[in-house]
Each structure stands twice: as structure tokens, then as C-alpha cells.
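As written, the chains take the letters A, B, C and D, and residue 1 is the first residue of each chain.
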Amino acid sequence: MLKIADRAFSSRLLVGSGKYRSAQVMHDAIAASGSELITFALKRVELEQPQDDLVTPIQQLGLQLLPNTSGAKTAEQAVFAAKLARQALGTDWVKLEIHPDPNYLLPDPVETLTAAEQLVKQGFVVLPYCGADPVLCKRLEEAGCAAVMPLGAPIGSNRGLISRDFLQIIVEQAQVPVIIDAGIGAPSHAAEALEMGADAVLVNTAIATAADPVAMAEAFKLAVLAGYQGRQAGGRAPSIGRAEASSPMTNFLESL
Amino acid sequence: MLKIADRAFSSRLLVGSGKYRSAQVMHDAIAASGSELITFALKRVELEQPQDDLVTPIQQLGLQLLPNTSGAKTAEQAVFAAKLARQALGTDWVKLEIHPDPNYLLPDPVETLTAAEQLVKQGFVVLPYCGADPVLCKRLEEAGCAAVMPLGAPIGSNRGLISRDFLQIIVEQAQVPVIIDAGIGAPSHAAEALEMGADAVLVNTAIATAADPVAMAEAFKLAVLAGYQGRQAGGRAPSIGRAEASSPMTNFLESL
Amino acid sequence: MLKIADRAFSSRLLVGSGKYRSAQVMHDAIAASGSELITFALKRVELEQPQDDLVTPIQQLGLQLLPNTSGAKTAEQAVFAAKLARQALGTDWVKLEIHPDPNYLLPDPVETLTAAEQLVKQGFVVLPYCGADPVLCKRLEEAGCAAVMPLGAPIGSNRGLISRDFLQIIVEQAQVPVIIDAGIGAPSHAAEALEMGADAVLVNTAIATAADPVAMAEAFKLAVLAGYQGRQAGGRAPSIGRAEASSPMTNFLESL
Amino acid sequence: MLKIADRAFSSRLLVGSGKYRSAQVMHDAIAASGSELITFALKRVELEQPQDDLVTPIQQLGLQLLPNTSGAKTAEQAVFAAKLARQALGTDWVKLEIHPDPNYLLPDPVETLTAAEQLVKQGFVVLPYCGADPVLCKRLEEAGCAAVMPLGAPIGSNRGLISRDFLQIIVEQAQVPVIIDAGIGAPSHAAEALEMGADAVLVNTAIATAADPVAMAEAFKLAVLAGYQGRQAGGRAPSIGRAEASSPMTNFLESL
């Protein structure tokens, strides 16, 4: 089981709710993914009238809502957005995202730490999206974050775990769950994340924009199970330089 | 379904029978893998008395035996070994392996083509292990091979699909199944192979030498399903340079 | 010419002074490298008596001293160390390094930005070592740093530009020089850095610990020239999928 | 010095003569490259009147002509083309290229070995272009080839040494010079090839199609020197996992 704060999850796949071509497809894909933790941008809920067609079905399924602060460019904006979400949705959980840059949506490490410190003090369960920066992840953990969410590659790039050398250090040092976010563009990327020791992955673009999002959600579900089971079964075999000597058959064949 | 020659398989995972710590573990791992096509070295069968503890259970499970010619260093030796196997086991199927080099067990392209031509003429269903060489794969196909088995990385290296640029060309050009063999050291590697268009993978070392071979066999089974389903669902999303513009929430938050 | 603050350099290779087996080898390697900007840890100068065998020869050669704050774990310590160096050596230039973690010596983004802001206000020419984090680099630039020094890979790892996707974004966005620091373990890595748009590289371990440090310093000098000239000559040719059609000779040969 | 057959070369950079925008640019780029061994397709010489504007200047510069058999799809065609070249140009040297596939121009291993055997018997100095296949390279060497020319990546792809794991094995096993051909798209690729033990590289597209071919030729010349000197100076430093412990300054700074 994956434990975040005081809650346990049987799925290690988090999914987003954006970029789907219809609400129906989104719902079906979320169901197919088996995910129990669903992130969505605040913009997508009617803040005065939160029981919309996004939130209600997720709550009815018993899934954990994880509103994010996407769109915030400063700690102040992110804290404000988190409070709005708590008020509207009745959840303390928040995915903290602060990205001042409009081109690559890369997170701001300094604003993120500042906002995390404030939100933790105000009782939020904080899951910050951040660079694959081992020192920053440690500081976010020390600030009381419930997990860290380092990126595998720039968001939407579908490039996989290009920051794997740093992710490896993060996983080695973390004492809260490590959820790899951003850049995961294929089931094999998700499997690799779990194999290398990540506790979970978050996938949005690769599922939502697939030709068949429901089938792709299932593919990711399987891949996460495969990667996690592979790690439990002993992990990736070490790379070796030379193969073993050839078979005993050789001598027999050469004697003919 | 995966079709090779005149036979259809529901599993896209081929496994080997070598390097297991016991026959029992091997049998349990093969069962857990769901594989229907099992390769083994001739040395491992008693050629005069083939109903040994390896072959019999595989045949009882209704699985396809795929004897290989591992240990052969020339076309002549490989053809001889294939005939021995046919006589002893009653199967025309053969995985053709010719690797004169004792250090890396890399296949010999010239001897492999020569042997393939001879074996096809003699009625064998030939699946040749070969380098990730698109021209050679095409020639093996033209010679009548039932599939081609290009390597992902040196055998036993567990390095994954390091020859992926060439495998991509092979997959694009092939009109027989492409089964990626050698180098697959983790479930994520197997998923990637299927995602990129391979029809199947063969895994031996990574399962047989895992801390828990049975659990690892299941992990590979899941990974192959994940990769294949990911391809069916639309394949890997394209890599893009820049993220999409930030959310509508931005303007709202900035106006505060 | 590479311009940093108000000074111009004809060399785009910065070197360090640590890990050499003798002062003589260090001096010869620095001379062979052609570097005009030499970094060294404060520990290595006698703070009360700075005219030691490290500093004096560098000054006599007319090279720019770049003391670093290696060993500092907080902004406060780094600012203190920078002031000590200014007093002892009479230079405003400082390479800002803050790495609280003893295992990987990775930089702390938050402390680094805090210290940079303070040092700039106090008249220092600040070159901060930092993660390959585009948002952080932009903030360091906005704080008045004279250059940014993102890492290619963990220090001493000799892994090359494993953070190249992020370095590319940094180079694209920066309006101060980008000097790639840490991880450069071979001349080809240095050439790649310049090809991709970096303004300079800093190399220490790979030269100082080479079998022949003087020859290796020359190799890096050549590689930096090669990479820079390659960029000036038009940069890396784009990757293409298919080769051009074969030659006019084909028809002739086929007609024989 | 690089020795191929009975001739010694001070340059480890081979260049081609194709794809230049003018004969003048080609000549200037060849001169700037410092190359002493120039390959060109037969189509580009007037076979009846070989003293054309390509061949004459190369011969006047004292460089070794290396006609290639580009366009040949079979061993027979390649042998025929080599004989034409010998007759027309008075050189026994030939770069053997046989690529039946019009899309990727990848070499045919079987035809190449067959042609190499015939050409060696007929007194040619044979340099075969081939896949990065260690077994094939060994067989070409045993057939009497003067060097082997494995590809780094598909020709014209500019992808660098994507077959590096196999090139490493080839370099380790070869007893004739290994010249990496095809795929080298940037000076850093050439430097890496020399660092990893290749004896030389062949570059054509990346120079000929650069914005400034003459400057790019110089960049490659420098890169080859850098890579070779880096290897002589001790080679790439090994990748390590953890950095060294922090500096003695730490204790001092922490005591403040």
C-alpha cells in the first residue's frame, strides 16, 4: 500500500483530469486507470458551485481529490488558490504547483518551498511538484510535505525519465513518498519509475491525449503494476560486460 | 494474437529455461509468465531420452518447444544440432543461434544466414537470433524465416534496447514477426519493445536470476501487456519542446 | 570573446585547482589549459598570508582568481566566506557554492539565491553553482549574478551532460553567460556543451586526476575550441530519419 | 601515426567529397580538415577522363584517394566498381560500400564480406563500411581488410555514436584500425569516438552541409585531436556515484 499522510492507497498511479476530449471519456479513463488520487486544476471547478460534473463523480467513486494550484506564479498566489480549493471542496489535500514561466511550466524552487512551509502550517496535506533536485526535495520533506513530486522531464514533453540520475538520489534519500510527475509519455516510462524506486507516478497528457484514452489508462495501470512487481521481485538485473561462457554443447558440436 | 508460421499465440512473451536455480522454480516461473513458447539449449535435454523433467512438463502444458542451437559456432554445427533436436523432440521449430565469440555470445551474420537458408529448405520453422541489422533481418525474412530475433543489447547485459534506432527500422520493414531477444533486463524494457512495434520479446536471464523468479515472470507478463496495449491505444505521445500555455486561473490569480 | 561582468576572456575553459598531485603539476596544467579564470577553495589559501604558492603564480600569470565558497552549507556561511576571500585576495569575484549534502555535494537552490542577492548588493561579481533548473537560473540572473553555472551531472561523476534537456532551456533563456559546471568528464562532453550553446565550461576532476593532467588540459582546450567553432560554423546538423536516395552509379551498376 | 596497410597518416580524420555546394568549398574544407584520406563516389569522376577537378587537386596535395563503391547493391557490382576505380585512378585503395536498401543506405553484411574476400585476393586495400557488428568486423579483419569502418548511426542521421556499446567491443577486439563511419554529426561525436578507442572517424555530411563548411572542417580537426589526446592522457574518468566529502573549510564555517 502507498501511504500518503494518513491515507493508504492500493494504486500507485495518480492521474489528472485535464485535456480529455469529453467528461465521459475522462470518467471512463479514470475508472480504467484504477487511480484513487485525482488531480485537477482549480479553473475546472466552479468555485461557487463545486458539485459539478468533474468533482461529484470523483467523490462518489470514493477517490481522493487533489486540487492543484496550476496557474500560480508566486507563493502568495498558490496559498490563496489552495485556500479557495479547501473552502470549495472540503479537502486539505493540495498539489502545489508554481511555475512562473509560460513556455515550459517548470516549477520555481524558491516560491515552492515558501508556499509549502506556509501551507503545512495551515494544516494542508501538501504534495509539491518540483524539479528533480535532491536538496530541494529534502527541504520540502523537512518542511512537512506529505510527499515530493519531482519531474521526470519537462511537462508535456513525453520524454520519460531524463532526470533519472537525480531521481535515483531523491529516492535514496527520501523519507516521504516520491511521486514522479511530468514527462511520463509511455507505459514503459511509468514501469521504469517504479522499478527505480519511485513510490508512484502521475500521468495526465499521455493518457488524456491518446487515441484511445481508456485503453491507455489500462496500459498505464498494468505498467505501474509491472514496474512495482519487478522491483519487489529483486529489481533490475545488473549490467554486465561479458556474457557467460558458451554452452557445454560447444565441445560436442566441435568434435563432429 | 501473435502468429508465427501456422501457429497463433496469445502471449507475446517468450521465455528461456536456463539459469534457474531448480527445475521447480523454472516450471513455476514459466507458468507465471503465461508464455506459450519456451526456448532451451539442446544440452539441457538428454538427446537419447528426451522425456526428461524439462521437456515433458512443457509438452504437458501444451506449450511450443523451441530448441535452440546455442553452442554452435558455424552454420554446419547449427544445422546438425537442429536436426538432432528434431529427431529427439519431434518439433520442426528451432531458434537458430550461432555465436563463435565466447566473450559476448554475439551472433555471426553470415553463418546465420547460411544456416537459415539450409534449415528452411529442410522444412524447419526457423527463428534466427541476429544483430539489430535491418539488411540482415530482411535477408533472413527473404530466406523464409518465420520470424526474426534481433538483439536489444549484448546477451546477459540487461542494458535494454540500446539498439533502438535500428530496431525501429527493422520493425518498420519486417513482414514477419519481430521478437526482440537479448539485453532485456527489466519489465520496462519489455514494455518499451512492444510500444515501439516489436511483436514479442524473449526474456531469460532477467527472470531466471531474479531474487524471486516467479514474481519477476509475472512482472514481465504485465509489462508486455502494458506495452502492447499502449501501442494499440495510440502509442507514445510525441516529444514536444514547449508546454502548453498556463491555465486560465493565471489571470484570476494575478488580478488579486 | 567571453564577457563576464566587465572583463573579457579569450578562453572558454575555466579550471579548478584542487585534487592535483602536486603544485607543479597544477601550474603546468593550468598553463596548458589556456584558462584565464581559475577557481579554488578558500581552504587552500592561507587566509592570513595569501601570497602562497597557489595564488601568487596565478596572479603573476595575469589570470582572474575565482575563489569559491565550497564547504558552506548555508547562505550565511557562504557570505562570510566570500568576504574573507575578498579581504585576503583583493578580488570581488566569487564562485558561490552552497551544498549542505555531504554525499553528492549538490547545491541548495534556496540558500544559493539568498546568498547571491546579498553578495550582489555588497558589490561582488557572483557566479553561482546551481542545479540545471531554468527557473532558478533566471532568478539568479535577475538577482544580478554575472553568470550562472548549472551542473551537467553530479560533481565528480564524470557523466557528461545528463541534464542536457534542461541546459538547453537555460541557454535559450539566459541573458548572462552560462558556464556548465560539474560532471564534465571527457573532452567530448566539453565540446558538446559549447555546441549546444553554453558560453563556457568549468573542468576540475577530469583534468586534475587524469594520468597525464597537462596533456588532458590541452585536450580540453582543444575540445572547447572545437565545440565553439562547431557552433559558429552552423551547429549540429539536424537528425534525420532516412538517408538520401542512393547514387547515380546505381543504375549504371545494375545495368551490367 | 595512424597506419593503414603500408601507409602512415598523421591525421585521424577522413572526409568525403560529396554534398558540397561547390568544388571550391570542397577543396577549401578538405584543406582545412587536415585530412589525408579522401573518399568519393565513383559517379563523381569521369571514368574515361579521371583528371577532373575533383581528383587532380587531391592528388596534387599528396592525399590518398579512397574511391568508394556507393551505389552497389551486390558483391558483384561492388567488385566491378572497384576495378573500374583502380583502372581509372591508379589506386588499389577502396572503401567498400554495399547497401541494397534505398531508404537508410545500411550496409549488407553478407555481400560485404563476400566482396571483401574477393577484393583482398585481387590485391586491393579494402576498407569496408559495415554495421557495428563485432563478429562481422572480426571476419572482415580475418578476410584481410586493412581496416573496418563500422557505423555510429544510420548514414546522414547525425545521431552520434548510438551503437557505442557495440563499437566498444569492436575496438577491444580489433587488430586492424577501426574507423567510425556514418552518423557523426558534431565535433563532440568525433571526440567521443577517439576517446573510446577508435583509430579514426570519417565525416562527410556534417561538414559538407554546414553553414560554413570550412570552419566546420577545422572544428572537426580540433575535435579529433582533442579526443585522441584525451585518450592518450588517460581516457575518460570513471563514473562515480558519490562525490568526495566536503572541504576542510566546512568545520571552520560551521564553528562561526
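We take it that contacts are C-beta pairs under 8 Å (C-beta built on N, C-alpha and C of every residue); 3 or more make two chains touch, one makes a residue touch a chain.
Just so we're clear, the structure is a prediction, and the values are computed from it rather than from any experiment.
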Repeated interface matching B-D, over half of the contact pairs identical, chosen among A-C, C-D or A-B: A-C
Approximate Å spacing (C-alpha centroids) for the pair chain A, chain C: 33
CA centroid of chain A to CA centroid of chain D, Å: 45
Contacts with 2+ other chains: residues of chain D: 99, 104, 154, 157, 159
Contact graph of the chains (line, ring, star, complete, other): ring
Interface residues, chain B side, partner chain A - complex: 41-43, 70-73, 77, 80-81, 99, 102-105, 154-159, 185-189, 191-192, 195, 205-206, 209-213, 215-216, 218-223, 225-227, 229-230, 232-250, 252-254, 256
Chain D partner contacts - residues on chain B that touch it in the complex: 99-101, 104, 106-110, 113, 131, 133-136, 138-139, 153-154, 157, 159, 162-163, 165-166, 169
